[in-house]
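Chain lettering (A, B, C and D) follows the sequence in which the chains are written, and residue indices restart at 1 in each chain.
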Amino acid sequence: MKVKLLFFAMIREKIGKDEVDMEIFPGETLEQLTQRVLAPAFPHARFFKSLLYAVNEEYAGPQTILRDGDEVAFIPPVAGG
Amino acid sequence: MLLIKITKENINREEVRRAVAHPDCGAIATFEGDIRNHNDGKEVLGLEYEVYEKMFQAEVKKIFHELAQRWEVKACALVQRVGRLDVGEAGIVIAVSSPHRHSGMAACAWAIEEFKKRAPVWKKEYYLTDAQWVLCNHGGK
Amino acid sequence: MLLIKITKENINREEVRRAVAHPDCGAIATFEGDIRNHNDGKEVLGLEYEVYEKMFQAEVKKIFHELAQRWEVKACALVQRVGRLDVGEAGIVIAVSSPHRHSGMAACAWAIEEFKKRAPVWKKEYYLTDAQWVLCNHGGK
Amino acid sequence: MKVKLLFFAMIREKIGKDEVDMEIFPGETLEQLTQRVLAPAFPHARFFKSLLYAVNEEYAGPQTILRDGDEVAFIPPVAGG
């Protein structure tokens, strides 16, 4: 099962890419995926507290279970217009 | 009528106005967000906007849909600038037309607040010697 | 900065915006009142504005002065059209710039309400077969 | 003692002039002057209930006593922008 991850703003800069394709485990949640993917680059727990997620262009909670083909975006604090 | 647009060029205010103007409507409320020369006590030289474009369109559409359920409005338009901007340039323009002025002003004020909470837009400020992504509290949904 | 103007020409929106824009200010709230094609169930073909010019200037100055005491704003502008207007044309444009968006939107909304109550402006509507001075309740002071 | 009267909108149309100079009595109030000047043209008391006044470009109450040289404006209901 594969999902596409989208990175924006400070996450994009830290990761050095704006998107990657990634294998996920069956039943893996957004939160679990986030820990695998972002924790190495963002060691501070505080960062994750302010992080939101979107799955297929809709805001989604951390417990959302991912499905094959999902487009996952990590949404750091938005700044609006 | 609905205009939702992301642009790398200067925002065309007349285009925004034309998108909402209607002979049925007596009122157009507009909000424009410009780049300030300072923030949090630091001098700002310019900034960069980044947008998650597909979700941006979807989210702003939702905001306008909710808005139309709350107020009697005729049309809404929103144009967001992306890329590098200088001080004084417009980052966003939102306009709402309505038969009566109260609903238009209230709807426009509400739209900005929702937009600032929900629209996937990020802003990096450039200072004299460094730059920084602006962290606002956000709500999401 | 203050622009208070009465004009027989089309209102120049860019002039209004320029009058309030400032590198210190992140927000410009604007209200535009356009001529509608109907009122009270009657088709409106056009209208005529009449203004008591000297008092208009004085009264709008007072409104903006009170506004500046209530909200943190940078600049205010108001342009009122007089004479004969067609449907769709702008009769009035008010703009307020402010460091932050909340104060600007609130101040602009307040300014329109005060203006509608207090500014010595009269409006005659032209219909298919007759014409009539529009009577709104007013407050004065 | 003389004052200048300004007429606008439906008053201007009914009177047929936009301004006139007028002698006033010592101690005459706005309300008294209004009755002398406008009652013939506007027979309905309702009209006067919605009428406001300005003296020298400031709103003024009906009991205001006029002074020589005052500029008096009759302000029928305003319609705003």
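Throughout what follows, a contact is a pair of C-beta atoms (placed from the backbone, for glycine too) under 8 Å apart; a residue touches a chain by one contact, two chains touch by 3 or more.
These numbers were taken from a predicted model, which means no experiment stands behind them.
Listing every chain that touches chain B and chain C alike gives an empty result. Centre-to-centre separation of chain A and chain B, using mean CA positions: 25 Å.
One finds 48 Å separating the Cα centroids of chain A and chain C. Residue positions of chain C touching 2 or more other chains: 33, 112. Looking at chain D, one finds that none of its residues touch two or more other chains. Contact between chains, as defined at the top, is found for A-B, B-C, C-D.
Taken together, the chain D residues at the contact with chain C in this complex read 6, 8-10, 12, 50, 52, 54, 57-59, 73, 75-81. Looking at the complex, you find that chain B touches chain C at residues 13-14, 17, 21, 23-38, 87-88, 99, 101, 104-106, 108-109, 112. Chain B makes touch with chain A in their complex at residues 33, 50, 52, 54-55, 58-59, 80, 91-92, 94, 112, 115-124, 133-138, 140-141.
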